[in-house]
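To keep things simple, chains are lettered A, B, C and D as they appear, and every chain counts its residues starting from 1.
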Amino acid sequence: MDYFAVVLLEILYMIAFLALTSAGLAVVFGMMRVINLAHGEFVMVGGYTTIACYRAGIDLWFAMLVVAPLVVGVLGLIIERLVIRHLYGRMIDTMLATWGLSLLIVGLVTLIFGNSAVSVQAPISSYEIGQYQMGGYNLFIIAVAALLMIVLWLVMRFTRLGLVARGAMQNRDVAASLGYNPGRIYMWTFTVGAALSGLAGGVLAPLTGLLPSVGSSYIAKAFITVITGGAAIITGTLSSSLLFGTVNQIVSFASMPVVGEIAMLTLAIILLRLMPQGITGRFFKNSA
Amino acid sequence: MSISSNFGTGRTNWLGFALATLGLLVAPAVFDVNTMTVLLIWSLFALSLGLMWGYAGILSFGHAAYFGLGAYTFAVASMNIGESTVPLLLAMLIPALLAAVIGAMMFYGRISDVYMGVITLVVTLIMFKFINSTAGDAYRIGDARLGGFNGIPAFPVLNVPGDPELQIYGIGLYYVVAAALLLCYLLCRWVLASWFGRVLIGIRENEARVELLGYSAPLYKTAVFTLCAAMAGLAGCLFASWAEIVTPGLFSLGQSAEVIIFTIVGGLGTLVGPILGAIGLGMLKLLLGEQTLIDNSLLLGAILVLVVLLLPSGIVPTFLRWRQRRGAMLAARSKAGSARRRRRSQGEGA
Amino acid sequence: MSVSRRQFLGSLSSVALGSMLPVADSLAQGAPIKVGSVLDNSGNLDIYGKPMVMATTLAVEEINAAGGLLGRKLQPIQYDTQSDIALYTKFAQQLVRQDKVDVVHGGITSASREAIRQTFTRANTLYFYNVLYEGGVCDRNIVVTGSTPAQAVEPIMDVAMKQWGKKVYILAADYNYGQITAKWIAHYAKERGGSVAKTDFFALDVSDFGSTIAKIQQEKPSFVISALVGGAHMSFYRQWAASGMNKKIPLASTTFGVGNEHLALSPAEGDGILIAGNYSQESTDAANKDFLARWSKRFNDTKIVHEIAVSQYQGIMLWAECVRKAGSLKREDMLKAIESGVSIVGPGGTVTIDPKTHHAALDIKVMEVKNQKLTVKSTVKQRPPLDTARYCDLQKNPKENKQFEVNV
Amino acid sequence: MSDTVVETHDLSVRFGGVHAVNSVNFRLEERELRCLIGPNGAGKSTFFKCLTGQVAVGHNDGRVRIRGQDVTGWRPYDIVRLGVGIKTQTPSVMNGLTVEENLWLSARRVHPREAVRDVVQAVIAQMSLEGIARRQLGELAHGQRQLVEIGIVLAQHPWLILLDEPAAGITHAEADRLVEIIHQVNQKATIVVVDHDMQFVRSLGGRVTVLHQGAVLREGPVDEVLADQKVREVYIGSRAK
């Protein structure tokens, strides 16, 4: 029976992992139709910031939940002002520019931090379910992911900021005609998206070994999760994370992690083929 | 942006083609043969993407899937058969078959380009993850062990058709690759000038209208997708013969991104663009390899960002537009000049 | 596949274009001896490659400072392959054709070695592969100074099974290193009356081990042994500690520490892991102390020195010793010297070339991780490359050029 | 009685709760010129799109037959291959290509290679497009693009032509010219025109079908229908509201 509980917790962890790592990308893609291929590197920089602060003596929780999102948010702001701003409406050029940026960031981090793996110990001890030892930190990640999704949903649904953001998302010109400056909205959206990626990097730092090149492993899964999720940021990302997380872990338990990942990717193709506009293109049509 | 008439593809510049052929013939005396060979292979790979994306508007994030599949098919087939002619054909046929299936699924499913980009990306990722996990000795096709992350080394390379003993490598391989590139360029030119090619260009311009003319857009797009996959397979097979090893890295995200960068920096909507992009950036990547001071990804990333911001439509189209504008400017000045002369002469005459 | 290759167009056109005139062998006195190297100085494998590039530079500078070899200075020619196999082939050809180097030290993964080995064998350029690997390569043109599974696995299995028990759970990287090492682990376990609960293979980019840790707990092995490789697999050790398993089931590894993983993990997470290898920074031999001093004078950061950086350094020193013994760079003299059993004392202890297999007999240390240090528990002196010796005898058949699949 | 060329049987289309087309029975004879008129939102365009296949008609939402062939649910591409020419409401042309190239692509699908050049020149003459034959469509004015799109349709010599608001955005002179062309083509081809420009419809002549809230209100010769009290109410009524 407790083996079943362990499997369930692992599934929840995977869903949380996918939701967390793709939240930043979902906000940017969902709102601005901009595909940020440097998203993986933003997550990586979030991790490095957390570790650098921890080494400098700053409390790990503070570093992870506050400093990392702030630093990566500022990085996102700079990048948006220097590069992305000139490329709105040109999807392919934005992808190419952000691909260049990701290579640039990997190079910079390698210069600054060198290339040996860095990381920090998980601050929460383990606990037992029956005869199984489980990582306590996984629960923390599930909690953060759930909290993040709820907060984002509330902001989008009920606040004026959310309304304006959704308006700009639907139709940039209409939002402009109502006096909202789309340029400013996009600037803040990209910054928030980057901050979310930083948060994901910070929170995940204690669980994965960090290397400058680790970003590439995040981008593929996040990209597929967001696109399959469809236009609506929260419900889209959540529903695709739910589906992919479950399939990935169940198959991983049944056979091997690599088979789990292949199963997830195959499911992505089937979903995209059946629902060309993504899950929320068909179901929960007008949700946030 | 039509460079000249003829459906925006411009007349085949036969003089330029002859010069290029001559250049390729002489190059081995000047440049290192080995480097030139791999640059031309990357050019052929970029040409296949350039035709599909630049002229038919089909964006594929996973074009490396067919490049890798061509390489692996050749390696496995040549290890089992020993003689390279059939493996060469298989290396084009099997990627074409896969592309036909995936293309039909996507195009008849009327999928928009962003989602098409994702599906093609996912296909490559699946192949990468599968091939990467075939290290166990259970994974073998005939005598060829797939070898997972280590890839398949030391398979018989291309040989002169009919004589397995006469293997082609070094300068011999260079000429075979150069010939393949020139032939494929001519094939692309012929396709674009043909009725089939013009319908493709029509599809890129306005797919709905082309359908309302009674052309089945999905059929045409699947056909060109399959043709380009075969060409990428050929490039993969030549690469396998050059590198004498095939590894899962051929299917990687990096390989797909690289060919996209070559094509865009070179210039979409032209055939020469992707080729020059591949040669230029390919050479840069190799030169970067010879120094260990600056981190390579830093440099390549910086170059990429600058090109996107400063030369958005790629090098070749920018050059062509500049030449066109310069031509127009000269014409204007000469017209003004002759007008002045005429006025002066009338002034004197009147 | 016939080994002899007649080059079809090559001979015809090269005469016509004269681009590759046979250059007289530049043995003129004073011309520098060219030492080539192909390593991943950037990209995913740079955690292994960068320290190896530094080790190469240090070794060449030290030999030059001591007057070079045969009265000639060494000239290093280093290429960065950016973790891309295509560049390995390209730069290997460049080293042979353009630079015409006298020896090559390079290649990190087995894939990169196999991509370039034939090029050097065809061009009769001596090739040193200085990285621990899965064993079995039998080629007169190559010298391997890295350890093979039989050398490192048996000592660690001895100590682990005595200490912890008979039931083993194996985790291995899913490529031929992991596959073959797993076979050797199973072999030595059965030899000592033990049993293998389960063997799991992981592709190099897998970083989520949640389901695996749960399965291990289900099997309840007496200890887990890992042959995981690379940055992504680092997260196994992290998640293993995060779930508190490092207190419940002991862990051994044939590759842990090679990429300085013990420095990345905190003491609480890393302590107790048992590993076996040729080198530990904490070894108290004079050669090691002196080596670290020279390294820190040159690069002032000894933290990044790890097993394969030391192997690269030892490989170059071993090659230099062979040149001194051979008295010339001609291939026959060098092969005679190599097969006369040259040995040196390096930071990892005595390194002796075994004439039959061209592999190195090494001092294997069984070490335990204790607050980010590799404390040596026991040493097995001059452990021979038993696995390759089963199949490979280059003195009996020098024409051999194959990697044997060690089936155990 | 000349045979029926186009026929719809209880055709209806619902978008959510709204009945855009409400079980319409429509018949069209060989070489007839029919105008579909009605106030905005009467379902003219939706009905038109059912004929062209742009709106997928559900299996139990009635039948559409062209020359006896049941084409319900067919894609536009299949319907066009039956020899039907379609001009959509918003001009749909290939902006990056020249007028000649647009016409070439259209003609080539129907005519053999040798005949294409003459067909293209004939259409250019017929539509008096000589001046802009080499210009890119993207650079032309709206009215010109409308005329080129009609040329594109004619280049395939279709026997049935479906035109959705061909007169929208063109000058009076161009409209008169268009009426002439439509009458000329009507000698050999059946034509359906959807429009709400009364002046244009009256000058076209031919029979008229008035659609109101998705159903056929009145059908008959143009003068009779335009004089009908109910039709005027529907038009004035909708405008007065």
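FYI, contacts are C-beta pairs under 8 Å (C-beta built on N, C-alpha and C of every residue); 3 or more make two chains touch, one makes a residue touch a chain.
Computed from a predicted model, the values in this text were never measured in an experiment.
Chain pairs B-D and A-B differ in how many C-beta pairs are in contact, and the one with more is A-B. The most distant chain from chain A is D, comparing centres defined as mean Cα coordinates. Remark: chain B and chain D have CA centroids separated by 43 Å (rounded to whole angstrom).
Between the Cα centres of chain A and chain D there is a gap of 50 Å. One inter-chain figure worth recording: chain A and chain B are separated by 33 Å, centre to centre, where each centre is the mean of the chain's CA atoms.
If each chain is reduced to the centroid of its CA atoms, chain A and chain C end up 38 Å from each other. Within chain A, residues 110, 256, 258, 261 each touch two or more of the remaining chains. Looking at chain C, residues 42-43, 174, 201, 203, 205 sit in touch with two or more other chains. Residue positions of chain D in touch with at least two other chains are not found. Here the chains touching each other pair up as A-B, A-C, B-C, B-D.
Listed in rising order, the residues of chain B touching chain D in the complex are 1-2, 5, 7-8, 195, 198-199, 201-202, 204-206, 208-217.
By the touch criterion given at the top, residues 3, 6-7, 10, 13-14, 17, 110, 114-122, 125-126, 131-138, 206-209, 211, 213-214, 217, 249, 252-253, 256-258, 260-261 of chain A touch chain C in their complex. Here chain C touches chain B in the complex through residues 1-2, 5-10, 13-14, 17-20, 41-43, 53, 78-82, 84-87, 89-91, 93-94, 97-98, 109-111, 114-115, 118-119, 173-176, 178-179, 201, 203-205, 405, going by the rule given at the top. Across the complex, chain A meets chain B through its residues 35, 83, 86-87, 90-93, 96-97, 99-108, 110-111, 216, 219-220, 223-224, 227-228, 256, 258-259, 261-262, 265-266, 268-269, 272-273, 276-278. Those residues of chain D whose C-beta lies close enough to touch chain B in the complex are 52, 75-77, 80-81, 86, 88, 92-98, 101, 104-106, 108-110, 113, 134, 136, 152, 156.
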